[in-house]
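Sharing a structure below in structure tokens format, with a few things to ask.
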């Protein structure tokens, strides 16, 4: 996600890097499931199967979520650089 | 992502398995929250009614389908995004 | 919860297993508190003590939560087996 | 669940203590969230009003009773479930 | 937060104590951001800048959050002592 | 809070850096959740509309300002509280 070019990482660092990458991806996945379920799934659960409408909604929600994720990531990087590093007053 | 020695791969595999167990527990917990919140609203009895029980069953089924469908979409979109980022 | 029969676990494994079991139980407890508070407790907080109605609601909510938890766990195991393992497309 | 050596038990105890501290912090945090969300809604002043302050006090009391009551129920239900599972 | 007087902590203990202190503070910060955003920020996002009203609301929300946090912490300590330790039936 | 040897400080610094990365990820994740939830509601297309895109941009900007402003207040209030507690 935020690719960093560094030379010769140690064994533990390599493992931690892969692990971290996967954690980031897993969290994004979990957020997407939560948010798209909320947006698309009828909460009365009168049916146990996804309706056509729900299925299409999920597909589009996933696509929009990725687009928004990318967009926000880009904007944040730009704004953070413009504000001179720190970002978020953290 | 690659360039790991066999020993490193093994270590990584173990950690990933732990992570998967943890993620499964989270998914399971969210599913319980979700289906209980959506389906149970009557506290005049201490046993699930037939209606609540049925609602929970359908909710579990639909949640599994949702999880599967979004998992597929996520895989595709993530692959596309990774490819895109390597082209930049 | 998902009992696995394995031979001769190491010391660290035994500790991790107990720890994990307790973590699962603690999480279930915490989810129950959250959800039953939401379902049963009057949010105006005009009283500092549980009313009779709230108390009874909490007891029943706890019982229903356990029943639902068990039910969902069973169903999930059955469905996962029927779909041939993986489950959830994970 | 059992069959731990004394050294293992000691190690486990330490971990459990850490877990308890962590859980207490979570319970405390949820309580703050809950009571603040339910009781504070007027931002025309920067100090809690008497009404808000009273609401928070009662919310803390009621949350503690809720925690205690649900803790008892959880213990009973968990014991019953464990017994049930060993019978299967 | 809950200052404990103990003699001669080890190196690892000292680090863990500082780390924990910072974690507690970071969690409090993150809760405050979540709750005050919810209380003060207009969800239509017609503007990209904080309005005067939103800014003032955030400042007051932060002050009230700290006051409530302190108040609840004090009350909890008092009640827990009165109920004889354990607290929360945990 | 103080009295750490140089080696301890270095170890602590490393842990704090990891914590900061983790916290940044949480802030980022919450921001995505927040802005997506508030801005995206039309699922008749699979691409963000101009309106949604603009809303997300403004939401990100406003969230950053919120984060900055609350960060300042938090710092002040935390310093005041710490001073207060040391006086007790």
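Letters A, B, C, D, E and F mark the chains in the order given here, with residues in each chain numbered from 1 onward.
The criterion applied here is as follows: a contact is a pair of C-beta atoms (placed from the backbone, for glycine too) under 8 Å apart; a residue touches a chain by one contact, two chains touch by 3 or more.
Heads up on the chains, UniProt names are A, B, C, D, E, F = Mitochondrial import inner membrane translocase subunit.
In this text, all values refer to a predicted model and were calculated from it rather than measured experimentally.
Colleague: Listed by label, which chains are in contact with chain B and with chain D?
Modeller: C
Colleague: Which chain has its C-alpha centroid farthest away from the centroid of chain F?
Modeller: Relative to chain F, the chain whose C-alpha centre sits farthest away is C.
Colleague: On a CA-centroid basis, which chain has its centre farthest from chain B's?
Modeller: If we average the C-alpha coordinates per chain, E ends up farthest from chain B.
Colleague: Rounded to the nearest whole Å, what is the centre-to-centre distance of chain C and chain E, using the mean of the C-alpha atoms as each centre?
Modeller: 27
Colleague: What is the distance in Å between the mean C-alpha positions of chain C and chain D?
Modeller: The mean C-alpha positions of chain C and chain D differ by 14 Å.
Colleague: When the centre of a chain is set as the mean of its C-alpha atoms, what distance in Å lies between chain A and chain D?
Modeller: Roughly 30 Å, centre to centre.
Colleague: Touching at least two other chains at once: which residues of chain F meet that condition?
Modeller: 23, 27, 35, 39, 57, 61, 67, 69, 71
Colleague: Spell out, as numbers or ranges, the residues of chain A touching 2 or more other chains.
Modeller: 34, 59, 63
Colleague: Would you mind giving the ring's chain order, read from chain A onward, with chain B coming straight after?
Modeller: Start: chain A; next: chain B; complete ring order: A, B, C, D, E, F.
Colleague: Which bits of chain B are touching chain C when the two form their complex?
Modeller: The touching residues are 20, 23-25, 27-29, 31-33, 35-37, 39-41, 43-48, 52-53, 56-57, 60-61, 64, 67-69, 71-72.
Colleague: Note which residues of chain D are touching chain C in the complex, please.
Modeller: Residue list for chain D touching chain C: 1, 3-5, 7-8, 11-12, 15-16, 19, 23, 26-27, 30, 34-35, 38-39, 55, 57-59, 61-63, 65-67, 69-71, 73-74, 77-78, 81.
Colleague: For the complex, which residues does chain E have touching chain D?
Modeller: Within the complex, chain E contacts chain D at residues 24, 27-28, 31, 34-35, 38-40, 56-57, 59-61, 63-65, 67-69, 71-73, 75-76, 79, 83, 87-90.
Colleague: Can you tell me which positions in chain E touch chain F when the two form their complex?
Modeller: It comes out as residues 11, 14-15, 18-19, 21-23, 25-26, 29-30, 32-34, 36-37, 41, 43-50, 54-55, 58-59, 62-63, 66, 70.
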